[in-house]
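I have a structure here, written as structure tokens, and I will follow up with some questions on it.
Chains: A, B and C, in written order; residue numbering restarts at 1 for each.
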Amino acid sequence: MSMKAKLFRALLVLCSLLVMIGGASAQDAITLQFFYPVGVAGPLAQAIDSYVGEFNATHDHIQVEPVFTGGYSENMARATAAILSGQPPDVAILLGIDIYTLIQLEGIIPLDDYIASENGLDIDDFFDAFMANNIADGQVWSIPWQRSTPILYYNKDAFAEVGLNPETPPATWDELIEAGKQLVVRDGDNVTRWGVEVPTSFWIFANFAIQAGQHIGSLGDDPCAVYLDTPEAIEALAFLRTLQEEGIMPDGANAWGTAPADFIAGAAAMIYHSTGSLSTLLANSPFEVGTAFMPAGEAGYGANVGGGNYYIMKDIAPERQDAAWEFIRWMVRPEQIGQWGIDSGYVAPRNAAWEVDPLMSYAADTPQASTARYQLEYAVKEFPATYGGQEIQVITTQAIEAVNTGEQSPEEALAIAQERANEVLIQNGCEL
Amino acid sequence: MTAKRYTWREILPILALALFGLVWMVPLFWTLLAAFVPTTQLLNGSPLDWLQNLHLGAFAEAWDVAPFPRFYLNTVIWVFGLLALQLVTVSLAGFALARLDFRGKDQIFFLFLTQLMVPATVLILPNYQTLVTLGWLDSYQGMMAPYIASAFGTFLMRQAFKQVPKELEEAARSDGASWLQVLWHVFLPVTRAPLLAFSIVSVTYHWNEFLWPLLITSSVETRPLTVGLALLVQSSEIGAQWDLLSAGTLIVAVPVIVLLALVQKQFTNSFLSSGIK
Amino acid sequence: MPNQLHTQNEGVEANLSLPRSLALPAVLRSGGAVAYLFLLPSLVFLAVFTLWPILSVIRSSFYARRGRSQIFVGTDNFERIFSDPFSQQVILNTLGYVTLSLLMSVFGGLMLAILMNQGLKNIGFFRFPFMATIALPMVSVASVWLFMYSPRVGLLNDILGGLGLPRSNWLSDPDLALAGLFVVYLWKQLGYFALFYLAALQSLPDDVLEAATLDGVTFWQKLRHIIWPLVSPTTYFVTTIGVLNSLQQVDHVFVLTQGGPNNASSLALYYVYEQGFKWFNTGIASAMTVVLLAVLLTMAILQFVYLERRVHYD
């Protein structure tokens, strides 16, 4: 045998060895790429990583690779880019409102078959309000995970200090103004403590519109519906401006992250914020923290749900989708999702989680944790569950900013926003 | 040597500069303070409380929350890997433009000029699409690709090579050395200064780069420090964890500042050379 | 031997300065093939990542995305950019930002350089603060300023309050947000531009400046009639990189304001990012990129004309 032939045979053996090794390990485990955002404080990323670590340790054939992709909109942008480039992650936590965009991109699969299968899930155990954004065309497309509503946080010490009863937080818009006026502390021209701080955000604003009597988004299955220029929406926005004009709330736009910092520092006596901030606020506030339903408007209480859900991607192999389902099922087990509720402050989205430990005893010790759960009775589908929702979010927030900074009247700002939203919807194929 | 007597006319500007510099540093001092004082103390306590509560906890937490060691490694790989490639391309191209004669020189020169005119930052959108086609998303080579050819570096080296005396080159050539050998043995050893200048500018620029890596990377295995820091800022949108943010900021910034303190003069000269067009 | 041929030829050119047309065709000389080989790596990457993207972005500016498909829409994207008040505002913001940073790089840079050039020259210690900010990543710088600007717990308002000045909600006030971004840029880059002027000043003969001092002319006269004309080449250069530099600023928008409030601090490149990478309106993002390219091209032409004139009249 010539030298060349020997070399060739050696190479051949080597190659087949490599193929065998490669093939074997590929059969051994499926590695899933898992995109997740964290809407609130940093350590939550660690919590997720630790759950995934536990999952990986107990599952030989599936390994999950968590990828923290930033805030919600960053995360959605990352997922969209990956879908468009044909290299999607396998499973991702994305906002409920992005459901239609994801369907339009042909990026996700419906989960009904999995839910009904042998390894299924009792989907009726999940709270109705938290399923509203997960169903389209009569199919379930995602499983609730980090779900929340805004609630009212208030500084009980400050209430006692000005002679308000710390156990009866304001229950209506009028009471909010009254309490706010009493809570403001001035030092000359400078306000050292504001009565209330409402972050300038589409997500918070939507609650006020519901409380005024008309949601700004669809309550049903309509990806083309945006109602920003209704009298109720205008009234809601005018109320936010009133809070500023009465000197209760800081002028200008109020950043999402500023409100909790101000609350902890004692610079704002009440704030509207996500339940997801509960654990951080409880841990860092040097005073007693009260939580309450958001005060009622003319139409009573009202809340706009929010938060992230598990989606399974479309352009991946069926066995990967199966593996992704197994992972999701494991994560939303009552004990697991209850633990997540404790670690984060998000509302565990299913009944069963509240009936077992660890969440059961935690809820008994920490009554603040249940506020959002009971507020769900008044909660509706999150806005803007439409095509182009990411853009409509920004358009809506810009309208609120325009009013909160005194640039425009609520009528003007919302009329502009409605027109811009319509344009986005039309660009996305809606017929208005 | 007799001591020179300084007049007020000379001292005043120095004082002004020192004062100005001090004011300039205030944000950095504040960050330093915020990193070592727990946020609740910083917001509610007095300066005395601050001093009594100095801690390193925020650094530990930041180090814990985000995989900074990995981010460091990624930054080093992408920044210095890119530099290695650039040193090859700019030396070769600079040499060709400076010392060789060939058809189409003007057109090629113009192509390089285009890159000086249109910075890669402006072309993020089409370049991203190219990377999708190449399958280079979330990779080091994807991050490097738009910068591997460097017009700035090429022109800098061309300028430097032009000043090398012809005799040196001719001597080597008559000894039968190839052009590559001439470049390696004759030209590069005498143009270390511009090479270093280019290296400093390139490393500083890319070490600090944010938007492009943000778009390209999507995993811990590739993300550089700047992107990791921005994610930390975002993940803490609750905004109350200033000690964590400040610690993260310092983790990213301190190596650069230390390096600068060590080689300020060299650094200054390098940035001046970025003025060569 | 081709090598010798080349050497001889170089010699001929050097000694006799023969007109190019009489020399051998360049490609026949040995340097030719080697030159192309040496240039190849650069040319490949220039073609793929500078030339091609310019062409492809022009093409995609005539399309719009719907779901996963692209639809030809003619000049719709450009019409939208120039008619929509929000993108108009972005263009105005960018113009204002670039103009401001031009003034800053020239006047601020020169003043700081003059200050640095006084008395005890070459004392790096005093320059360190201004060098340090150049070296820092913009993302870190912006994070530092996020805390400075924070309305109720930030240092800036504490300082202003302490001085009896009104406090402001810096990044949330539509009149201040863009200026707030600009201050961050100024803080980071002023030293960079001062560097070039410092080098220019130090290369001037000492007696020029000192003579002027002795004659008792005022500082402003000296600045206007002596320094300013002498550093004009540097001014020309600083202007160019100042524009290029400020057009590329986007990191601080990302960290500090995300373009808000109500679009008040959005800049062209951030708009490209938002439209292209957040909302995937690739057509609109491409159109804005093309507008940026047009601006850069105009700048290059102006520069060319300026250089031509200098060659002719100087």
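Operating definition for what follows: a residue touches a chain if its C-beta (ideal position, glycine included) is under 8 Å from a C-beta of that chain, and two chains touch if they have at least 3 such contacts.
Note that the structure is a prediction, hence the values are computed from the model and not measured.
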Chain whose mean Cα position lies farthest from subunit C: A
Dominant interface by contact count, named by its two chains: B-C
Subunit B-subunit C separation of Cα centroids, rounded to whole Å: 16
Where subunit A and subunit C are represented by their mean Cα positions, the distance between them in whole Å: 39
Subunit A and subunit B, separation of their C-alpha mean positions in angstrom: 37
Multi-partner residues of subunit A (at least 2 other chains): 81, 84, 255, 258, 261, 265
Contacts with 2+ other chains: residues of subunit B: 43, 215, 230, 239, 242
Residues of subunit C whose C-beta touches two or more other chains: 150, 153, 277
Footprint of subunit B on subunit A - complex, ascending: 35, 38-46, 65, 67-71, 74, 78, 81-82, 84-85, 87, 255-261, 264-266, 277, 280, 284, 286
Contact set on subunit B toward subunit A in their complex: 39-40, 43-44, 61, 64-65, 132, 135, 137, 215, 218-220, 230-232, 234-242, 244
Subunit C contact footprint on subunit B (complex, rising order): 6, 10-11, 13-14, 16-18, 20-22, 24-28, 30-31, 34, 43, 88-90, 92-93, 95-97, 99-103, 105, 108, 111-112, 114-115, 117-130, 145-146, 148-151, 154, 166, 170, 173-174, 176, 179, 204, 207-211, 215, 225-226, 229-230, 233, 239, 242, 245-246, 248-249, 252-253, 256-257, 259-261, 264-265, 267-268, 271-272, 275, 277
Subunit C residues within the subunit A interface of the complex: 64, 66-68, 86, 150-153, 161, 166-167, 169, 171-174, 260-263, 274, 277-281
Touching residues on subunit C, where the partner in the complex is subunit B: 3, 6-7, 10, 14, 25-27, 29, 31-32, 34-36, 38-39, 41-54, 56-57, 60, 112, 115-116, 118-120, 124, 126-140, 143-148, 150, 153, 155, 187, 192, 195-196, 199, 237, 240-241, 244, 247-248, 250-251, 254-255, 269, 272-273, 276-277, 282, 285-286, 289, 292-293, 296-297, 299-300
